[in-house]
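Below, chain A partners chain B and then partners chain C, in two separate complexes.
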Partner chain A sequence: MGERAAAPPAGRHQWEAAVLQEAKMAAGSGCCLRPFSCELGLLSRPDGSAAFLQGDTSVLAALYGPAEAKGNRELPERAALEVLLRPKVGLPGVGERSREQLLRQTCEAVLLGRLHPRCSVSLVLQVLGDSGSLLSCCLNAACMGLLDAGLPLASLFCGVTCALHPDGSLVLDPSTRQEQEARALLTFAIDSAERKVLMASTKGTCSVEEMQQCIAAAQSAADTIFQFYRDSIRRRYSKS
Partner chain B sequence: MRFPVAVVSPWKPAVSWSRRRVSAAPVELSSGRLELHGHARAPGCWLRFETSRTGEMWPGEGASGGELRTVEPLEYYRRFLKENCRPDGRELGEFRTTTVNIGSITTADGSALVKFGNTTVICGVKAELATPTEDSANKGYIVPNVELPSLCSPRFRSGPPGEEAQAASQFIADVIENSQIIEKEDLCIANGKLVWVLYCDIICMDYDGNLLDASAFALLAALKNVQLPSVIISEETGLSEVNFKQKNPLMIRKHPVATSFAIFDDTLLIVDPNAEEEDLATGTVTVVTDEEDRLCSVHKPGGSPLTGAKLQDCITRAITRQREVKKLIDKVINSIKPK
Partner chain C sequence: MVGGGGVAVEECVGQVVLPGDVLFLPTHPDEDGERLRLGASPAPPTKLLCGPGLRRCDAGLLVTKCGLLRHRQAAGGAYWVDSQQKRYVPIKGDHAIGIVTAKAGDVFKLDVGGSEQASLSYLAFEGATKRNRPNVQVGDLIYGQFVVANKDMEPEMVCIDSSGRSSGMGIIGQDGFLFKVSLGLIRKLLAPKSEIIQELSQLYPFEMVLGMNGRIWVKARTVQQTLIIVNILEAYGETVFKASSSCELTGVTTRICKKNVAKMTSGCEQNVWRKCLKANTHF
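Presenting the complex of A and B:
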């Protein structure tokens, strides 16, 4: 596609937002998110691109679309979304395919595919660094990429990972070490319209009450992340 | 040779007879087999399929029911959902007839065939010997693999496994890992030298929706059926000797059971969707619980957003289902005659 005659200048917009959020839990323990950072429009060929950093975890998302769909991929009523997740090291395996399915169905739920029937939208994610909370970083990068590409969305979404430690404490956005120590890891994608749960994926066992606590913590952390999205987009479009 | 079969009659509240085809409590025979006796329509038959035929539920519709189903399937479904039922006669919270058949594959170390209505999944477990890795010298391996061959549904082509098969394999691997169904230390024969590897092959033979539930159930039933031969490492030669005459069952610590829901129109949750319902649904949720009411997995791959309260409803239903399935499996295992 690349029809950007009146495109903004090719410079990058980069800024840091050190965001620390305390979500008070019923248990009373404080939860913080690691510092975020986001870079939009850094790649020239894709229609939209975004690099999202959460602490040392970083994911680069590139979006192509809406473009012509090939052969049997074409859907008569809506756009066909395809997600490719490339790990930092090695070839994509079964775990990557499972994550691709999660991301694809999450994006399909917010993307207004009916506005682009028989078109294809390709989302390619490259893991640049993994130090915990990888799936939520992928979700955030995907959402920022969709925004940068200018695709029509019903709502935004953000990814939040919660780690439950053996002593019952809850940590949001855990690092690799915190993930290994945890007895359960829960990742949620929260939508921006009504803070409902768009995607849920868990590792390890937890009780039902703990899961509800994690959902509540994720919903309050989502407020911070959506504010960050808003600020990023505002900064990007105010200079051009 | 007769293989033990058990059928659980679906959980259902009182509904008028016009919507039911066959319903009866399972009858226990003296031989230890359980059969489901239908009413006069099909006496003595123990396999029962809920075939959904158009227009049959609503005599008034007749031909127009069939046309509506092809042209506007979602509208057709909505008419049923408004009355809190589905075209095949089930309630929204009702499962299809679950049939399980254990130990039918004699060449495998453990096997189970599970049917949820038309969805048929078979799981075979083969045990082999291997050397463990350095960092987990006392842990064995469990390797699950879900296959969706092209014979089960026209949507799957032959060739390398597609996304759905790989995602299902990952889901089953997560269930095994999260729920600690088997302690990997139990699979160790000699620390650092010899461990068991359990290859669990789950093959879908007929795809009519709800693959994940059926696969998890088949895996659990097959693992309960596994008999591992005893292995002795002789002192002199250092080689292992396998004694096929003496077999021990596996120690199953937890019984995780998966329950899948389909989300319709962002609000309605229906349990155990068949293939047609899965295509029309706007999202799916799968909840895996074990006998201590702990959540082993909440798998919601995108789709319509849900509130925490709706997820709670799903979990409550999943806990009830776990009890039913556990009872069914225990019944079948106990009815196996010891060889």
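Presenting the complex of A and C:
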């Protein structure tokens, strides 16, 4: 994995990993992920912040918590997680709301909320650029934000998007053009402990076998992403 | 370092661990419940302490926060994860700086930077009785320690220790400057031989109170000296990330001190300072 060390401004850590991962599928087509990078702790006000870039898609995540929960939002036995997703232009609409629910379900599956009852954890995501695989970029940014904030987690998660073309070939981490040409678009959230699927979101039609192939491809791509998480955190702690 | 299958915990000490990693505890070969021990033999190992960032699971220890894994051999051994955070979660026994936000009858409400406000009884001060109440106003700073701090109850602070003496706790006096830093920097400053504290103490005489909730209160003789010390500590918190060894750190702190003093003192005060250094007196 090649790494380019940029000169970081004060308080920021920036790493870039140029990753070309060949995940051979049973269908025989080669799949690779776009180069990705992340930056941790770049905002000063939130308790945790992370920016994740996948190709030209970039999302900034900010985390506040565990903080005081307001009124009827507080839950008696666990922390109340709230996710807000802001698009790059315009007001948030129905698409953003559904993505927020998917992100909230994924984060609640890994967050140990029982350690902070009656508290609230707020995750705010801002889309800085969208050129395909937006939901998986949001998932990755959310996970890095949770790591930066120091909230207790049972495991990590990552997001991988697969696009199925009409001829049956599979592309991981598709760009906007590849997404428009695809007949089915599947996004999976994979956890780090046993590579289980935490969340699956599908658009379009595909057969059960094709979905199994996509899950297998996503699980092998998840290894690369988790290794990248580990290297980023190792780099950060090796300097302090 | 693969976290999926589980690694022995001794191998990971001093390395970065991520949430979801499972660490296997050392097994003792002579741990046999059936056998009776006769005569002199090594005492059985005492309980292992599982510190912040780790939880017991059936296979061993599950890591829940990212950071460096640390180990202490004393008192049966303890493992914990040294992580960097900004948000404070109250822990029993921690000393923290709180800001009084309300007086509700016999109890003061303090903002300690956690998810809930802490309560402080008016009798929890040295020499306080029902007739002799402490003079605490809204907006005062209090340095105390937590006696009750868990996830289910509201945190409670007191300003006396178990024998009834204040031992430095209580209302923090007039003037001075309160600011917030990350929790990791506080732990570094409270370490036994902290170079930055030694360097600063050679600059000016000053008073400092460090709260485990990330708050520092500083007071020096003049406002300018106070602000210089505040800026040095905040800059130190930023550079702690960049220095990779302790000797580099000492050099960095000396440079920060000199740069900050040169930048922030006005011309005449700088001359006075130089004269005093030559005469070896404080001003």
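Basically, the second predicted complex is superposed on the first by the 230 of 240 C-alpha atoms of A that agree within 3 Å, B and C clash if a C-alpha of one lies under 4 Å from a C-alpha of the other, contacts with A are read in each partner's own complex, and residues count from 1 in each chain.
Keep this in mind: contacts are C-beta pairs under 8 Å (C-beta built on N, C-alpha and C of every residue); 3 or more make two chains touch, one makes a residue touch a chain.
None of these values were measured; they are calculated from a predicted model.
After superposition onto chain A, the modelled positions of chain B and chain C are compatible, with room for both. In the superposed pair of complexes, A:Leu156 makes contact with chain C only, with no contact to chain B.
Of the two partner chains placed by the overlay, neither chain B nor chain C lies in contact with A:Thr176. In the superposition on chain A, A:Met199 makes contact with chain B only, not with chain C.
Judged by the touch definition given at the top, the superposed model places A:Ser238 against chain C, while chain B stays out of reach. When both complexes are overlaid on chain A, the residue A:Gln212 reaches chain B alone and has no touch with chain C. In the superposed model, A:Arg230 lies in contact with chain C only, and not with chain B.
Between chain B and chain C the least C-alpha distance in the superposed model amounts to 14 Å. Across the superposed pair, chain B and chain C both touch chain A at residues 191, 193-194.
Per the touch definition, chain B reaches chain A in the complex via residues 163-164, 166-167, 169-171, 173-174, 177-180, 282-283, 285, 290, 293-308, 311-312, 315. Residues of chain C touching chain A in their complex: 1, 3-4, 15-16, 18-20, 53, 62, 64-68, 83-87, 89, 115-116, 151-152, 184, 238-244.
Those residues of chain A whose C-beta lies close enough to touch chain C in the complex are 10-11, 13, 47-48, 65-69, 110, 112, 115-120, 147, 149-156, 191-194, 229-230, 233-234, 236-240.
The part of chain A that touches chain B in the complex is made up of residues 94-95, 97-98, 100-109, 186, 189, 191, 193-194, 196-208, 211-212, 215-216.
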